[in-house]
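Naming follows writing order (A, B, C and D), and every chain is counted from residue 1.
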């Protein structure tokens, strides 16, 4: 059974969700509200006038804080959306005539409406097949070799983008990230990590932020905040600071430089305070484990991927799925591979998901 | 004396402002905090889960509210920054090989780091000279004729962009907007209005929002919120709704579609409630009038432009300007035209500027 | 065995060809010289001054001649290269945020260095798998459906591009073209045909130019000349003339509008005279048939695709291939699928290939 | 009187030229036929098969020949049109978010339909005013300073483009080129020269090709062939070879890599043989001098610019201009500045213009 196929239909399609109810929503981590600490930080940042366009105190403190957490020099650029973070980051890594290697399920390839092509001015995304959203070293090596054979007729690969946590909720082991980065660097490619769910990955791996990123060879990281308790805040972190030259110009030109940027930076500062981002990741992961545990005990339920973060994919009978929907539970139906008996759905937990929510869902089954 | 010349140096350059102090800041309306109503709306929108990517209730209500205020059918797209609003709007009006006519002082031409060229995929901005930021009907007619003569060797003008309030703080009379729009439409050009300070213009004109926009022939309006009390919120309003086809795709592709969009729409809803946006505009304008009144009484002070909104440009002796700076007042030095004796500075008031602030400034003189 | 796989390595890579010899060159139809009729036409067009940028007589006559041959109204834009023809054509069919469906082996996807992405300003190419370079109606239907499910998060397909003759030398039956075009039109997609080897296809099908193109639903055709005897000349033909609006501006902006365009049009006129283009196609096809016939008699030779045009793909033992190379024969080694015993090579015949050339090659085996 | 104003209307607009006649055509140097040597070279290059995409012998010899003529290492990329040469060259010098400084009359700004914006992906052209098409060192210094003041809100200038011969037929003295290049390099800007009429400039200056280009600080030169006797051939010459990295990929992606490139290189080789290019330039210049000499003797004729190349601008009474047109002479009417009594026309001579042609024109006056 090919679960993580190459078809666009396997990619995330955020359809209209018409009915909602507190405690019954497993649609996405971006349907959650902002956490109290973020709201408090916004209010705290609103005390008086502040210099505009990133010259404010919050932005300065944010960069310092990120350096502490990652234990290295880095440059930090806060932006509003994950799509902006990814596309802007890639635009700094590949020329317009270049290409980016990524998994066939990657958000940049399937769910960002061509933003990477827009910000890179038409660079190609070259999707690699995988079983579970994780590119293998062999696949990367082969893709680089094939790309080179094309010579001047091909778009030269200049970066690889790894999604950590992947779109299927799986998490790359650190050693695999390091192996992929080594292959990429050896071939002259930069390494980007789409970390929209970076917190969930670090929580799962039980490592430090540094180990999960630049230690393993990541050059640029899209650090996610919105799915992890922020209102709307992500950060592009350059560990390879030379690549950040003129990046602020790209941010501004993309319409992504807030005049009142303190409100963007303040959200991220709140998440970084006392490892809130990591505690959020752990809570979401724990709830997904509880959910998976309950689902595995259901006769006929199939969980095609290991549950390693805050996403649970499960096949259930159509009647069960319909009943859940009728009962007010909110989640996404996914493209079910041909030959599978039942309906593949995705259940997402987040920082605010509680045991009672999971138990309510399992009880309804 | 050419005050509103064509040189890039006349354009806004937001330099580093290192020292700040409450009540002494006249640097920009975007250095102001968010107003209490906006903060309350953010908290109010944070009650529970909400559908993502604009499928939320706040966004639906926002469109309804804008229709009421403008008294017409329209389509509304909230975005984060004025640069995004303008550049996205223009991308819907001109093809990549086209051109946009605008005033030489226009924010789109001078202060957006090439965002219009980015979003339109390389359309040209053709700047027209003016005395005070307001394009004249004759200048527009001539520019359109000259552009046509270029034939296939020129980039065909497909839109004109009017800045209302202009970058020099002047306001187009409604009749002038209507005359320009008529000329543009006659020639097949769409009409965009950069309304980052639309509230100040409407407050000055004493007209309705409709009269200042679609009544006068505006097809698409960038409705400003951030300079008027929001944290970060603007709206692109399509009065010519046919031109909005696929606009949401452009927003998404630009990384400007918030997953938690309710927080964007809620800000604008707060501003629209009980005409708060207009009251803010009036307050800012009144404070600028008070400031201008005081300045005009200073011997040697020159105010090169009529004060019609919340921006006051004034030439003061270098010694006076330096003293103000030393005293902690914050404002921008502008490019002083050659031959002028003194220093041209810009003073900006906003919704939160109080009489005491203005009087403090005037007193320090 | 997957011959026509999705890997970029199956795509055409024009590597350095270091040794060459007349009569032994089967590398490509673009290594052939220009035919005598084309050279004569160039000389004929050089008699005196001529209006520039396409206002010349040859260009006017060319459009008339194309209309006669295709039996319909059309608009004709001569350009220099096939890559320019394809990429410019697509830029008129899809918006920057759109997508083009094509076969995974398509020249536009594999061999044009990102030109379609460049000219369309970043539209996506969505490759469909096929057995032999020919998209099936089912695959097209599924791809359109999957693309729609993506909603605002996907790049909407707005065109399908068919390669006729395909990159594997196969030719779509007219009914298949018509079926694909009907599906596309039903879904609101335009239909482009990459006809770099259109002459070979029409020669194989034994139909008229009209039947092979607009009769079957093609909206825009890249009509190839360079591989068929021209020096450097292709034409973009719009059967859907409404889509050609402003196309000359796109040509000019791409640097593809010759000031002395008569020399471009004259080449195509020479090919259209007395059906020279079609006679060239027939000759090339006949030589490929002769070649295939001889190869099939070799023990161990495998021809993975039906030979329907001027390209012959064949698997031969490494020793045989090396011997041919040593003997001065020039051709391309292709990516041999894993598991195949031997080496896959491509042999291309063209208008100037003679029986003796083919027999010489077969004799050397 | 402002002859070389900033209005687009002063720029070249190639209108329809409906009547033509040998010996009476002064419309443009691109209305001339190809010279016999070029035609002979095309025939000579057509002997047999040749490796494609620039791997041919002619292209290799062309680079060697250019190195001899310019007396330095350089990299050479032949393309079809001057617009392609300029736009491609600029794309290698400025990032998409950057800017190019140029004269307000520059072909890249006025006559290339946005090609520079297309190939650079939206970089801005910042036009500088001048009296006669020649940027002055002071104007360049001021423009660079003003651009810097814009900070992140401006598009940073990264190149300056000089047109040599200018659009007004004037020629920069070498010392002025050197001064401008020094200022540019000091500020970190690259220096491009649009040499569509480079031959005419070198002929006028009486210097070597090296002295007119890299000696004086030019980094990249668009070397014109088409206006100087070729059918369609220009070359981008990189003296700063490091900037040519990946340039062939840009050429290919723009659809400008000929598969049968020998036919492009052969044209340029013919022009370089025995200094034909320079002899052509001298002949065209001499004919323009003869024309100017005759015109100056006419009562009432005004020649607003020094005649230093093959272009003569002259104001004549409307009746005279009309009579010339009626008599079959072909030339362009230019935008006549307000206040000028008469009609400004442009007369262009070229390599094939003969004394009798000039005398015929003068006689008709």
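As a convention for this text, a residue touches a chain if its C-beta (ideal position, glycine included) is under 8 Å from a C-beta of that chain, and two chains touch if they have at least 3 such contacts.
Because the structure is a prediction, the values reported are computed rather than measured.
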item	value
Chain whose mean Cα position lies farthest from chain B	C
Result of counting contacting C-beta pairs for B-C and A-B, higher pair	A-B
Whole-Å gap between the CA centroids of chain B and chain C	50
For chain A paired with chain C, centre-to-centre distance based on mean C-alpha positions, whole Å	40
For chain A paired with chain B, centre-to-centre distance based on mean C-alpha positions, whole Å	34
Overlap residues in chain D, where contacts from two or more other chains coincide	14, 53, 96-97, 112-114, 118, 121-122, 152-153, 249, 252-253, 257
Residues of chain B touching chain D in the complex	6-9, 11-15, 96-97, 99, 110-114, 117-118, 120-126, 142-143, 145-147, 149-155, 335
Chain D contact footprint on chain A (complex, rising order)	53, 95-97, 121-122, 152-153, 155-156, 246, 248-250, 252-253, 257
Contact set on chain D toward chain C in their complex	14, 16-18, 20-22, 25, 27-28, 30-34, 39, 42-43, 46-53, 55, 79-85, 87-88, 112-115, 118-119, 226-227, 231-232, 249, 252-260, 263-264, 330
